[in-house]
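Before anything else, here is the set of structures, which you'll find just below.
Two complexes come next, and they have one chain in common, chain A, joined by chain B in the first and chain C in the second.
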Partner chain A sequence: MTATIGSRMLRKEDPKLLTGEGKYIDDIHAPGELWMGMVRSTMGHATITSIDTSEAMEMPGVHAVYTGEQLQEMGLWIAPLPCAWPVTEDMVNPPHFPVAVGEAKHVGEIVAVVLADSRYGAADAAEKVIVDYDSLPAVGSIEAAVAGDVMAHSDLESNKAFHWPLIPDPEGTEKAFAEAAHTVEARFVQQRLIPAPMEPRGCMAIPSPAGGDITFYSATQVPHILKVMIAATTGIAESKIRVIAPAVGGGFGGKLNVDADAILSVTLANHLGVPVRWTESRTEAAGSSHQGRGQIQYISAAADADGKITSVKVHLDADMGAYMMLITPGVPLLGSFLYTGVYDIPNLSFTCDGYFTNMTPTDAYRGAGRPEASYAIERIMDMMAHEIGITPEEIRARNYIAGGEAFENYDAASTLVFDSGHYRPAHDRALEMAKVADLRAEQARRRDAGEAKQLGIGMCTYVEICGLAPSRALGGLNYGAGGWEHATVRMLPTGKVEVVSGSTPHGQGHETAWSQIIADKMGVDPNDVEVLHSDTAKSPLGLDTYGSRSLAVGGVAIAMAADKVIEKAKLIAAHQFEAAPEDVEFEAGSFSVAGTPSKSVHIQELGFAAFAAHDLPDGMEPNLQEQVSFDPPNFAFPFGTHVAVVEIDTGTGGVELIDYVAVDDCGTQVNPLIVEGQVHGGIVQGAAQALFEVANYDEDANITNPSFMDYLVPSAAEMPSIQLDSTVTPSTSNPLGVKGVGEAGTIGSAAAVINAICDGLSPYGVTDMEMPATPQRVWQAINNSNGGAA
Partner chain B sequence: MIPAAFDYTVAESADHAIQLLGEYGDEAKLLAGGHSLIPMMKYRLATPTQLIDVGRLDDLSYIRRENGHIAIGAMTKHAQLETSDVLAADCPMLQHVAALVGDPSVRHRGTLGGTLAHSDPASDLPAAVLALGGTIVAQGPNGTREIASSEFFTGYFESVLAEDEMIVEVKVPAGSAGWNYQKFNRRAQDWAIVGVAVADGGSGISLVNMGSTPIRATAAEEALAGGASIADAAALAAQDTDPPEDLNADGEYRAHLARVLTQRALEAANG
Partner chain C sequence: MDVSMTVNGSTHANDVEPRTLLVHHLRDGLGLTGTNIGCDSSSCGACTVHMNGESVKSCTVLAVQADGQDITTIEGLADTARSDGSSTGDMDWHPMQEAFQQCHALQCGYCTPGMVMASVSFLKENPNPTEAQIREGLEGNLCRCTGYHNIVKAVESVAGGAS
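Now for the complex of A and B:
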C-alpha cells in the first residue's frame, strides 16, 4: 500500500480502540492494589479546624486515612507541586501541597486521603471522614480578586500574583491612539471552561518488589515531563521512575499537569510497598481538575481614516485560581503575541495581571491563551468595521499582513517573526463556500419581513502560534524547560522500521502520521513501521504533546532521523555495489548506481547487513539506527478564515448554528483525514465556548454546575455539518513545511460564532454578547433593544 | 459518581413487587429503566438500601386500544411509544413526545410508568399525559385504583402514590385532533427549559418545568374556551405559575418562554 505524506490513510490506531482492545488506565490492574479516595473541600475558603478519621478507619477494607498534616510529617515529598513557569522574578507562588494543611483554598482541594481495597470502599470511607471548617471570606470571581477586599490566601496581602508587560514601543502606541481617526474599546469575558476529556484522569503507581523502582501509569499527555517532575517533587531518583501513558482518551490540556494524585500515588506506593491507584469521577473532573480560560480582557484599537488599524492596546486580568500549577501563569501570556492577529498593525501594548481566587486552578486548555487573543482581536475588528461603517470582510481585507499576499518572515509588532502566511485566498474561499452574498440577501429579506427567526453571519481570520517551541524563545519567557523533541529511527534486522517518538499521543494519531512520514521518506509500507511511544523506558527522551507541537517538532525529528538512516544505508549500499556513495541514488526505498538501474538493493534488505556487520565499510559502526533532537528555529503560524451562520429565534432567544465553513492552512498536511478530524473537534470546542459552556461559580466560590447535566458540552445534534477546505502555505520553520492543527479550530470558532450573533442582532442595537450566548442572554439583549423590528 | 451500597431484588410480578415494597418500606425504591434513579444514586442524592427491579415485568409492557382509550403498560419503554402504530393512529402526541425524551439510550431504558412515578416537573411525558387528561392506574396491597393525571402530581418528585403502590398502567383518550408539543432546550438530549403540550385544539394545555409539578395552564385554557384569540390566551399561559430559577433561566424568562411556546403550540395545533 502507498500511504505517504499527504494521503488520507485510515488511522492505524483505530481498529484496536474501536473494538475495545485499547487499554486505558482503568482497564489496568495490579495484584494487591489499593484505591485512593479523596476527601475534598466543600468550602471555597476555610480554616480546617479538625479532621476526624476514626469512623472512616472502621469501614470495611480501609487500610489507612491520611490528613494533610500527617502526610507532611511523613516527609513523603521534598517540594510542593511544581509550577514550571514563574513568569516574573517576583511572581507570588504560595506553596501548593498535594493535601491541604490548615487552610482549604478552593472547593475540591484534597483535605484527606483514604486508602481502601476497592474503589467503592474508598468512596464510602471518604464520605465518613468528618472535616470541621471555619469558613473564611472567599474570592469567587476575578472582579473580587482585583477589588482585593477579600484575600484568597489569608497570609497574603494582595491577590495579585504578577504583572507582565509586553510593550515593545510605548511611544508608538500612544502616538497611534492620539492621532487615530477612529478608536473602539471593549471588555470581553473569557469564562472558565472545563476540559472534559471523554476519559477522566487516573493513575496507578506500582513499586517493584526490590530495588526501589516505581512504575507509574497515568492518563497523561506528558509522561516525560511527569517523570522529571515526580523526581523533583518526591526526591525519588529519576532513574528509578518509569512513566507509562496507556491508551489515553483525550486531554485538551486537562492532562498536562503534575497533580496531587500523581504525587500521592507514587509516594504512598513507595512508602507502603503496594500498588496505589485512583480513577477520577466525573464530578471530581468537573470541580477539581484544572480549568481553562478565566480572563477579563480590556482591549482598544486605533485606526486611521482609511480603516487601517494602527495600534492595539490590551490589558488582561487573569484568574490563576487558588494556586499556580504547572504552567498556570504562562497560559494568558501565550496569547500576548497574537493580539495583532493576522493584521499589519505596527503597535501593540499588552499587560497582564495574574490574580489568585478561591476557585480551581486554571491551566492549559485547548489553545491556551491563543483562542482568547484571537477572540479579542477578531471581535474588535468587527466593532471597528461597525464604527467606520464598512463590512467585516472589508476591514479585514484592508489590514491583512502583506495586503493579503503571500509573505515569509514577517516582523510582527509583538517582536515575533511569522514564518509564512497568505491570508487572502482562505478569506475568499470561505466567503465563497458560505455563499455570503446569498446569505446577506436572505438576511435582508427576513429583516424586512420581520420574521421571528433572523440570520447572522460572522467571520474570523485567525493566526496562531504553535509548534512549541524554540528552546531559546521559551527561555526568554522564563519557561522551565526546552521545546525540542527527540526521535529515534531503527531499521531492524527483519526489515521492519522501529520509530521511537518523544511526543506522546492521547488520541491524535501519531502512529499513523509517523508511519506515513517514514513510508514517504524510506519507501517502505506504513504497516512495516512500528511506533514506540508513551513509555519512558522505551522512549527515554521527549517533551510530549501540547501546543500543537507533535508534528511540527516531533514529526520533523522523525523525518530528520529517517534521513540520517538513509544516509548511513547509502554508504552500506555503495560498499555492496563497490561504487562511490555519490554515485548511489535512492528512489522509492531502493538504492542503485546511477546508470545501472538493474543492480539495486532495498533499504529494508540492508537492516540485516547492518545488524550482522559481516561486511560494512571500514570503520562503520554496526546497526542502522539514528536519533535526532530537533529544536525548531522558530514557531509555526497556522491561519485560516472561518464563517459561522446562525439562526436566532427572536421569540425565545435560542441560537442555532446552521452552517459553518472553515478554510484552514496548517502548511503541508501529512494526513488530511486527521487534519479534518482535528479541525472538526476544535471548531466544536470553540463554538461550545461561544454558545454552551461555562464553569459557573457563586460568590462564595462554589462551583454550581459540576455535572454534564448543567455543564453543557454540545453533541453532534447541536452542530451543523461543517464544511472544510484548506490552503497550503508551507512553514519555513522546519524542513517538512508543516505547521500544526490541534488547536486551530478552537482558536477560530468562538469569535466567528459571536460575530455572527452580534451581526444578526445588529438591528436591535446589540453590539456585544457575553459568552456563552445563552438563550436568556440573547433574549434579554433583544428585550433591552432600543429599536428594530420583529 | 459512586453509589452507596444497596441490595437488589428482581420482582417476579407486580404482586411480588408490592409485597416487597410492604416488607422494606421507605428503604426501598422501584427500579424500572433506572435512567433517573441510578444517576441520583450515583450522586448519592438517593440512597435506597433496597432496589426492587420491576423493569423485567414484560406483562406490563403493552400498548392497546380499549373502549375509547389507549391502555399502556407501565413498563412500556419510550422507544416503544415512539414506534407504536397504535399511538401513531390514535394518540400521535404521545408518540411525538416520547421521541423527544433524552437520547436513544435513555429511550430504550426509560419507561412511561417510571417517568410518571418519578414526577419530575421538567420531564416531557408527564406533561403530555396531563394535557391529554390521562389516567394512572396504581396497584397496591388492596388492589388497583385509578388516579386522574390532574390529581396525581403533588410536588418536586412527589405524587399521590403510596409507599406500597406501583403504577401498572396509563390510560389516555384516543384522539388525534389539534395537538402540538413545544420543547425548548439548549441541547437535544436535555430536559426542557420550558415545554408546552397542547391537546384537543387547546382544551388541554400543560406546562413543563414551570413549577414543582407538571401543570395545566388553566387561565389560558379557560380564555380559549371562552372565545379568546390564541394570542390573548397564550398571554395568560404563565399566570399563577411559580417557575424555578437555574443557570438556564430565571423566572421572568421562563414565564416569557411559556407564553411564546404556548402561542406557537396553539397556532400549530389549530393550523
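Now for the complex of A and C:
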C-alpha cells in the first residue's frame, strides 16, 4: 500500500471501532474496583448545614461515604483544583476543592462521595445521603453578576475576577471613531453551551499492588497535562503516576480539564489500595463537566465613507461560572486577537471582564474564544454593510487584508502576525458553489409573492488561530505551560517504524495521518507504521490535543523526527557504499549512490544494521531513533468562506437550514478525507449554536435543561448535506505548510447561519437575532416588526 | 431473576436484578462492550441493538424483557452478514460496516455501533430511501463528530448497492 501526504487514505482506527472492539473507559474493568457515586448540590448557592450519611452507609455493597469536610481532614490533596491560566497578576481565584466544604456554589458541585462495589449500588447509595442546605441568593446570569447585588461567593466583595485589556493604540482607536463616516454597534450574547461529546466522561485509578504507583485511565484529551496536574494537586510524585487515555469518544474541549472526579479517584484509590472508578451520566454532566461560551459581547465598528473599516472596539463580560477551571479565564482572551477578522483594520481595542456566577464553570469548547470573536466581527460586518447600503459580499471585498490577494506575514492590529492568507479565491468559489445569484432571484420572487416561506442567505469569512502555540507567546499571556509538541520516530530492527506521538487523539485519526506523514517522508508502507500515543508510559513527553494543534505542532514534530532518522540512515548507507554522504541520494525509501542506481539499500533494511551495530561509521551511536520537541515560531491562521441558506417559515418562526457551502483553507492537507470530516462536524456544531443549543439557567442558577431530552443536540434530520471545497495556502509557520482544521467549521458556521436569518428577515426590519434562533424568537421578531413587508 | 437470551448466536442464561437494563446486561454481564451508552433519557441511540431483527434502544429495555429473545449487537453483525453471504470487503464485514469506513462515517466511533445497527434495520424496512428519508430514519441516533454528512452517504451507498 502506498500513501503520501495528500492521499485520501482510509483510517487505520476504523476496524476496531466498527466491530465494537474499541475500548472506551467504561469498557475497562479492574478486579476489586469500587464505584464512586457523587452526591451533588441541588442548589445554585447554599450553605451546607448538615450531611447525614448513615442510611447510605447501611446500604448493601457500600464501603465508605465521605463528606467534603472528612476528605479535607484526610489530607488527600495539597492544592485545590488547578487553574493554569491566571490571566492577570491580581486575578481573583477562590480555592476550588474536589468536594465542597461549608458552601455549595453551583448545581452539580460535589458535596459527598459514596464508594460501593457496583454501578447501581453507588447510584442508590448516593441518593440516600441526606444533605440539608440553607439557600443563599444565587447569581444565575452574567447580567446579575455584573449588577453585583448578589455575590456568587459569599466571602467575596465583587463578582469580578479580572479585567484584561488589549489596546495596542488607544489614540488611534479614538481618532478612527471620531473621524468615522459610519459607525455601528451591537450587543451579542454567546449563550452557554454543553460540549456533549457522545461519550460521557469517566475515569478509573488502579493502585499497583506494590510500589505505590497509580495507573489512571481517563476519558481525557490531555493525559500528559493531567499527569503533571495530578502530581501538583495530590503531591504524588509524577514518576508514580501513569495516565492512559483509552479510546476516547469525542472531546471538543469538554475533556481537557482536571476535574474533581480525577483527583478523587486517584487519591481514594491510593488511600484505600483498591481501584476506584466513576462514569458520568449524561444528565449529571450538566453540573460535572465544564460548559462553553457564556459571554456578552459589546462591539462597535467605525468605517470611512468608502466602507473601509478603520477600527473595532470590543468589550466582553465573560461568565467564568462558579470557579476557575484549567483555562477558564483564558478562553475569552484566545478570541481577543481575532476581532479584526480577515480584514485590514488598523485599530483594535479589546477589554474583557471575567465574572463569577453560580453556574457550572466554563472552559474550552470547540473553538474556545475564536468562534465568539468570528461571530461578532462577521455579524458587525453585515450590519455595517446594511448601514452603508452595500452587500455583505461587497463590504468584505473592500476590507480584505491585501485586497484579497495572496500575502505573507501580515502585521495585524492585534499585534499578531498572520502567517499567510489569500482570501478572495475562497470567497468567489463559495458564492459560486452556493449559486448566490440564483438564490437572490428566488429570494426576490418569494418576497414579491409574499410567500410564507422566505429565503435567507448569509456568509461568513472567518480566520482562526491554530497551532497552539509558540511557548513565548503563551508566556506573554501568563499561561502556565508551553505550546511545543514532542515526537519520536524509531526504525525498528524488523523494518517497522514506531512513532511516538505527544498529541492525543479522540476521533481525529492521528494514527492514520501520522502514518501518512511517515510513509511520505520515508517511503514505507503506512501499514508498517505503528503509532503509540495516549499513554504517558509509552509517550512520556507531550502536550496533547486541543486548539487545532495536533497536526500543526505534533504532526510537524513527527515529520522533523523522520527527517533526522533519514539523515542518520543516510550516513549508514554511505558507509556501506563506501561513498561520501553528499553523493548518496534518497528516493522512495531507498538510498543509492548518484550515478550508480544499481547499488541501493532500503531505509527499512538499515533498522537492523543500526540495531546490530556491527559496522557503523566510526563514533556513531547504535540504533535508528530520533526525537524532536517542536516549538512553533508562530501560530497558523486558517481561513475560509462559508455560505448558509435558510428557509424561514414566517407563520411559525421555524428556520430550516437548507444548504451549506464551505470553502476552507487549512494549508497543506495530509488527508482530505479527514479534513472534510472535521469540517462537516464543526459546521454542525456551530449551526447548532445558532439554531438549537443553550444551557438554560433560572435566576436561582438551576439548570433547566440538563438532559438530552431538552438540550437539543441536532440529529441528521435537522441538518442538510454540506458542499465543500478548499483552497491551499501553505502556512509559513512550519515546514509542512499545514494550518489545522479541527475548529474551522464551528468558527465559520454560527455567524453564517445568523447572517442568513437576518438577511431573510430584513424586509421585516429585523437586524439582529439572538442565538439560538428558536421558532419563538424568530416568530417574535417577525411579529414585532412594523407591519411586515412580505 | 433468571434470564436466557440468544446473543450473537449463542445462548446466555444469567441471574440478573429485575431492574437491570438490557444495555448493562450486555455490557457488564456478558462483556459485550461494543454497545455504548450516551445518555439517560433514551435520546441518543448509542445503545441500539437488534432484537429479533429490529432495532431497539437497549437502554429502554429491561434484561428480563429480552428473556427468550434473539439479540444481535455490533460484535455479531459481521457474522450475520457472513452467514447470509452478504458480507463485503477484505474484512468480510457487513456491507454497512464496510460503507462506514469507505465513506469516513465515523470519527471517535462512540455513536458508531448504534448508528450502524440503526442504519441496517432502517434499510431493511426502507430499502430505497431518499436522502430526506435516511435523515428522518436516523433521527433517534445522535453523532457529535461527523455532522451526519458521511453517515448519510454511507447509508445511501449501501442502499444504492443493494437495489
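Note that in this section the second predicted complex is superposed on the first by the 786 of 790 C-alpha atoms of A that agree within 3 Å, B and C clash if a C-alpha of one lies under 4 Å from a C-alpha of the other, contacts with A are read in each partner's own complex, and residues count from 1 in each chain.
In this text, contacts are C-beta pairs under 8 Å (C-beta built on N, C-alpha and C of every residue); 3 or more make two chains touch, one makes a residue touch a chain.
Remember, predicted model here, so these are calculated numbers, not experimental data.
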Answer with first, second, both or neither: which of chain B and chain C does A:Asp124 touch in the superposed model?
first
Between chain B and chain C, which makes contact with more of the residues in chain A?
C
Could you tell me if A:Arg282 is touching chain B, chain C, both of them or neither one (first, second, both, neither)?
both
If you stack the two complexes on chain A, which partner ends up touching A:Gly20: first (chain B), second (chain C), both, or neither?
second
Taking the superposition on A as described, I'd like to know which of chain B and chain C A:Met719 touches: first, second, both or neither.
second
Dual-contact residues of chain A, meaning touching chain B and chain C, are 119-120, 281-283, 707, 709, 715, 717
Within the complex, chain B is touched by chain A residues 119-120, 123-124, 127, 281-283, 651-654, 691-692, 696, 704-705, 707, 709-710, 712, 714-715, 717-718, 774-776, 779-780
Give every residue of chain A touching chain C within the complex, in rising order.
10-11, 13-24, 26-27, 119-120, 196-200, 247-250, 252, 281-283, 506-509, 673-674, 676-677, 680-685, 707-709, 713, 715-717, 719, 721-722, 745
Taking the touch rule as given, give the residues of chain B at its contact with chain A in the complex, in rising order.
1-2, 4-5, 43-44, 184, 186-190, 193, 246-250, 253, 256-257, 260-261, 264
Residue numbers of chain C touching chain A in their complex, please.
17, 19-20, 24, 27-28, 32-41, 43-44, 46, 73-75, 77-78, 91, 93, 97, 100-102, 104, 106-113, 116, 131, 134-136, 138-152
